[in-house]
Structures are given as C-alpha cells and as structure tokens.
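Before I ask anything, let me first share the structure, which is written out below as structure tokens.
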Amino acid sequence: MDAAAIPAPIVAAEHVSKWYGQVIGLNDVSVVVPPGVTGLLGPNGAGKSTFMKLITGQLKPSKGTITVLGEPIWRNPKIYFHVGFCPEQDAFYERMTGLEWVRALVRLNGLTDKEADEAAQRALAAVDLMEAAGKKIGAYSKGMRQRVKMAQALVHDPKLLILDEPLSGMDPIGRRKTIRLIREWGRAGKSIIVSSHILHEIESMTSNILLINNGRILAEGDVHHIRDLIDTHPHTVYVRAQDPRRIAREFLDNPEDDVRSMRFEPGAVVVETGKPDAFYARVTRMAASGEFGTIDEVTSPDDNLQAVFQYLVK
Amino acid sequence: MPIHDQSYRHYGGLKAVAGRSWLVIAGAGIWTFLRRRVFMGLMLFALAPFVVRAVQFWISANYPQVAVLGPSAETFRQFLEQQSFFVFVITVYVGAGLIANDRRANALQIYLSKPLMRSEYILGKLAVLFTFLIAITLVPSLLLLMLKVMFDGSFAFLTNNLFLIPAITIGALLQVLLASFTMLALSSLSKSARYVGILYVGITFFTNAIYGVLYLITGSSRVSWISIGANLEQVVDVIFRLKPRYATPWQVSLLVILALVAVSISVLERRVRGVEVVT
Amino acid sequence: MADPKSPGYVSSAMRVFDLSVSEMLWSRRTIFMALVVGAPVLISMFLRLLDALGAPVFRVNGMQMAGPAIFGLMIWVFYLRFTIPVLGVFYGTSLIADEVEDKTITYLFTRPIPKGAVLLGKYLAYMACTVFVVLPSVVIVYLCIVPMRGSLGGSFIDLVKDLFLLAIGLAVYGAVFAVIGARFKRPLLVGLIFIFGWEQMALAFPGYLKKFTVAYYLQALVPHAMPNDTVVSLIQGIFHENPSLPEALFWLSAILLSFLWFAAVSVERKEYVLEQ
C-alpha cells in the first residue's frame, strides 16, 4: 500500500509523557489514531483523561510531541475550528438556556449572530434537544445536559470530535440514541475519539480501539486482530451440536495439536485452542462431512473487547 | 483449619469512647496544614514579632542604658494587637475552606452518616483554626512573659503584674474565638473557599470603613461598636486595665462580640446538616 | 487545511465579554458588591435624614462640616481605601479562577480564540459590572450629601473627577489582581497582603517605595483632602507627596496595560488542571 493511500492520522503522539509532580500520568506513549471512530478504553486511573487533555490542548506534554490533524495543538487556537470537544465534567452556565449557551459558544468561532443562531439550532436538532432549547440548562435532566454538551461540540461542524465519557449518566434509550448518532457521524466522514470504561458501549460504536492502562498504551487497532495476537490466552470456542460428545471424542481421538482443553455445557462442548484458525477450519470440515451429527453453532465468547480487556489489563 | 478465611472480618479491637471523634477531625486538619511548606513559612513569619520582642526584653534586661525599652503590661497588649494582622491572614488561609471544601466535595453527608454528632464535627473544625491561632497569640505571649522572668532573673515583674496571666489568656482567647467562630460560620455558607475568604475580608474591613466614615463625620468614637475590630480592641484594652480607646462603653463592645459569636453558632447549627432539602 | 476566518483578538474578547457579563452580574459576588456599595448609599440617606431633622451630627470640634467635605471623606475612606481595592481583589483574582472552579473553562479554551482574549473579555465584563454598580452609588451619595451646606453645581467638577478616578482605580487594580490571580495559588491572600500590607506600608515611608504602589498614583487624582483618621493615615500624611497629574495618568496607564498583557501571557502559558 503506497504512502498516498494511507490515510493521514488524526492524532499522532510520539514519545509523549506527562507527569504531575511525582505522579506519571502518561508514560512514553507513541500512538497514531487513524480517521474513523476510535474507542479509548481503560480502567479508572489508566491515563485516559490525561491523554484526552493532551489531545485537546488543555495540557502540554512534559516530553514528546502531539499533533492533531497534522498540527501541534498546544497554544494553537486555530485548530479548534476543526476540533470539537465534549468534556466529561457536568459544568455549564446554568442560567443560560441551551440555545443561548450553544449560540454564545459558537460565536467564539467567528460566526455572526444570525449564523450562530442557525448553527446552534441545527446542533440542538441533531441531538434531539430542540424542544428544550428555550429552557434553562439548570432545569435539564442529566441526559439533556449530556446532549447539550455534545451539541456545543459539534455545532461548528468539526472534522474531529473528541468525546469524553459521552454516555455517562444517560438512561438506556439515551445511550442507544447517542451511540446511533456517533455511528452516523462516523459514517458521515467525521473522525471521532470516544473514551469510556464501559466495554460493551465502545464495542457497539466501533471495533477500532486504543487500550490504555497505567499510563501506557497496551494495544491499538481492531479488537479482533488484537485478540488474535494475544497468544498467552487460548481462544475459547463454543460448539453447540446434536451430539457434542461425539465431536469431543473426535477431538481426543485425532488430536491435531489445536485443542488444549475441553469442557461440556448443556448441548455443547467448549474448547480452548491455541490455533483458532486451524481449529475453525477443522470444525467446518466436520460440519460439512455430516459424520458427527449437525453442528448448530460455533461462536467465540472471548473474541470480543471484554476478553481483550481482561487479558491485557488483568 | 488449613485454609484461612480471606473474606471481610469485623473489627474486634478496642474502640475509643464516644465523643472523641472531633479529635480525629482536628488532628487530620492540623496535619494537612502542617505538611504545607508555604503555611509553615507563614506561621514562622507570624512569630517574627515574638522574636523581636524577645530580643527587646533581653536587651532591656542586660543593658541598663536602654532600660527604656523595658516592657510594661502594655507591651503585652501591644503584642497581641500586632498579632491581629497575622490572626487575620491565618484565619483566611486556614479557615476559609474548613467547611466550604467539605460542602463542595459533598463530604458533609459522609461525615454525618458516621456515628459523629454535628457538634463534634464543628468542634473538630474549630479546633483546627483555634490551634493555629492560639499558637501565634496566647502561646508566644505567655512565652514572652516567661522569658521576661528568665531574663530578669526574678519574679518581680510577674508579681507586680499578676493580672497579666489571666489578661493575656482571656484577651487572646477572645481574639481567637471571635475569628474562629465567624470564619467557620462563613465557611458553612458557601462551597467556595475563595468566596468565603472575601466575605470575611469584606465583613472585617467593611465595618471598619463604615466606622471610619461615621467617626470622621460625627467626630465621635461612640459609634465604634459598628466595627468588629474596634469592639475587640476596646474589650481587650479593658482586660489589660488600659484606658479604653473609644467612647463606646466596653460592655456594649463585649455584647457585640458575644452576639457575633452567638449568631455564628446559630448559622453553624443551621448549615451543618447531613441532609440538604432541594426544592 | 484552509481555516475559516477567526475573529481578531479584540473581537474574540468582546464575544467572551458578551458571554460573561450576564453571568458575572447575576452571580453571588454581585450580592456582596451590592452590599458593599449599598452601605454608603444607606448611610448617606440616613445622615441626610438626621440633618433634616436637625440632629447635630456634623459638628466636629464645634465646627459644622459641609456636605462637600463629608462627600470627600466618604470618597477617601469608603471608596478609595476600601471598595475599589476590595472589588479589584475580589473580581480580579477570580477572572479565570471562577471558570476553573466551576469547570467551565474547558469550553472557552477549546474554541479558536487566544486564551489571552478570554482573560481580556472577562476583564472587560468585570469592568462593566463594577463600574455600572459603583459609579451610580457614588452619584447617589453625592446627591444626598453635598446639598447639606453645599452646592451640587459647585462640586460637580469634583464629582466628575471622583468618578473618573474610581473608574481608573477599578481598571488598574483589576489588572494588577488579574496577574496575581493568574500566577499565584492563593491569589486572595496575596492580593490582601498587597493592599492592606504593602501599599499601606510603602505609602507611610519616605522615598521611592511608594512609587511601587497603585494608591500613590491614584491618590494624586483625588480632588479632596486626605483625612487623618488613623495612625497609619497620619503617618502617610506626613510623607504624603503627589506626582503630577500627567505623571500619575501615565503610570496608571502603564501599569494597566503592562499588567493586563502579563496576565494574558500567563493565562496563555499556564496549564489548568481541573479538580476531578
């Protein structure tokens, strides 16, 4: 693939460290975030917030360089034309209405009053908040407050959206709507970096993740690809079949060095394998031959973010 | 048994007698400030007048030529008055966030959900400020008295001015308790320590400014009861058997001080609660 | 990537001003400010009432004080020595600190405007709030006090000078404390020590030390005699010297502009770590 075909990274961090006195927030992080939707994942205290603050220009790296959309972000206000940030904290000018607040903030982008008003209304409509636009933010519910925060982040139609725990405090319907919105924005060509510690939420938004813990990047890229690379943890494959014991006997009678352990569950056999590709190919042959009864389901319970997270973090 | 239980175990040791929780709050608060270098620098700076006075006492005791520098009862009164600037600064530094920071962090509800009475919480917080203020008023004053006796090599000064011990004690305590209660009450009113600090400054200097204007206009100091600082000065002057500097009767000044302390206690009683009614 | 046209520095500051002025005006600080400037108004109304009832309140050493003299005293004692510096400390040290404490600073610092423009906009909002509250209070006090054995027309020029000097005082102290707020961890204490410690001491000593205060230049603009109501002011009166009017205005402008610039630079370079 030549250089021209590789999309330019939206965020590039090179040997970035950040410390607060004696405490290291980020430790020699070098990472490139591609365009698209990327989930920033890690437990509490992992360094997610520090990384977020560095890529939004709120903090300066103690060491190393960070570029966003190809330019350094620290003390570079012009870049905020193309970057929208939705912070984690629940803080507003409570006396202002949602519309006034979003409008006042987008005016700082240089828009005229009329343009600002139109942009604010569009943004509030995008987050489904037009009905409450005339109410004071102080009277908003938690979900509405989250949505108005997102509105101010996208009001100026930025190329890059950085969302810090955007689903925090939302009810299930609100979460679903927001996840759907994020996926839509991603499909519309925006790059989005979403941080969370809720795995299934990240999973429902994107398969491209950045896993961070103890101030270091543990893994980056597609969650399935990462899973494949985790050799120390064999893959778990769940095979639901008409006669699971017969299938299990075949694995034992003809070992092909791809089955490490087995256990039975009602109507199924659960296999641990260190060679998942070879094992899947074998099961496919067995299913096609029909000699071992019908095989109804073959799934991998740990080919997911939860497993990746557990295996790498714990 | 071969395999030991690793799960949670209830504390089976000795427990302190009820009613001593305030010591824990006070201790934690005091230790927090003692760990700050800037604050320790401020405390040391606040004790500089003590050092100056001690040198003065030593010189006057050892060099008869400068016996004029020798202290009198009034010297101790002046020392307390000089320390009032540092009392003000340390009250703002230490006291502004004592309850305000707990309110900000929603820690009041956590505190009061423990077997801790509100009075113990208030007492603990009061003790933090009280300790530091006493350390720059009462303690150095009594130390100066002791040094005077030591440098003189006799108890003559002390026996001639025996009232100084209760005067210093009561004067310092009045100064410290007024500052402590007022500041603690203000701290309970807000979640912002900065705002509390400026409120305290405002009240102190605002009342002084009003008195200043009225004094200049009327030419009389009978209105000095308006100024909190002036009331304290008046009462402490009387405690030290000095001529009161204002025309206001000292009983009125004392009443104002006691009323302020009473109002502060009332504010604390209302504001320090484990629940907050949101309408 | 081609950038849209960003608003200029001053235009950005004005937009921040628009955002901040109503927040500042309707905040709890304004309650404090209203009390501070309301008290002299109430006192002046009360004194006027007493005078109208014939109470002998304005006799000092057997001599009756005239309204303009009383007004001059109030300007010195209340506004110049207390209200202006205290409001300067109160607002100036909190220009950015309030936003940091409320955690709303993120929204302002992630917009395509210089951080210094945010500070400037907040400073202008502070000026608007304080000037439009303090100056009317002075006018009301003037209208109540001066007619007592004085003439409104005769003292009008003094009123204009007082309003001008108080506005300058707010501006300069605000700029000085904006720097203190931007640089120090405990700006309130530092500010108080500056006003009630350093300035008072420097003005009481002969020599050049007083030139490192704001009060020295501000007092040169006051059209009224300085009162000697305290020991400190007595001592200051002994060593009182006034710079010329052009010199005072020059140095006040220089202090204002240089401190504002320094505050803006400090805010640009500082990292603000919000409380978790």
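Every chain is named by a letter (A, B and C) in the order it is written, and numbering of its residues begins at 1.
Here is the rule we go by: a contact is a pair of C-beta atoms (placed from the backbone, for glycine too) under 8 Å apart; a residue touches a chain by one contact, two chains touch by 3 or more.
Only a predicted model underlies this, so the values are computations on that prediction, with no experimental measurement involved.
**Q** Would you mind checking the shortest number of contact hops between chain B and chain C?
**A** 1
**Q** What chain lies farthest away from chain B once each centre is taken as the mean of the Cα atoms?
**A** The chain farthest from chain B, judged by C-alpha centres, is A.
**Q** Between chain B and chain C, what is the separation of their C-alpha centroids in Å?
**A** 30
**Q** Averaging over Cα atoms per chain, report the distance between chain A and chain B in Å.
**A** Centres of chain A and chain B (C-alpha means) sit 54 Å apart.
**Q** Which residues of chain C touch chain A in the complex?
**A** Going through chain C, the ones touching chain A are 1, 3-7, 11-12, 15-16, 18-19, 22-23, 26, 102-104, 106-115, 268-269, 271-274, 276.
**Q** With touch defined as at the start, can you tell me which chain C residues reach chain B in the complex?
**A** Against chain B, chain C makes touches at 28-29, 32, 35-36, 39-40, 43, 47, 57-61, 65, 70, 73-74, 77-78, 81-83, 86, 89-90, 93-94, 97, 101, 186, 188-189, 192-193, 196-197, 227, 229-230.
**Q** Okay, in this complex, where on chain A does chain C touch?
**A** 20, 49, 56-60, 69-70, 75, 77-85, 87, 89, 91-93, 95-96, 104-105, 107-110, 152, 159
**Q** Residue numbers of chain B touching chain C in their complex, please.
**A** Chain B reaches chain C through residues 38, 85, 89, 92-93, 190, 192, 194-195, 197-199, 201-202, 205-206, 208-210, 212-219.
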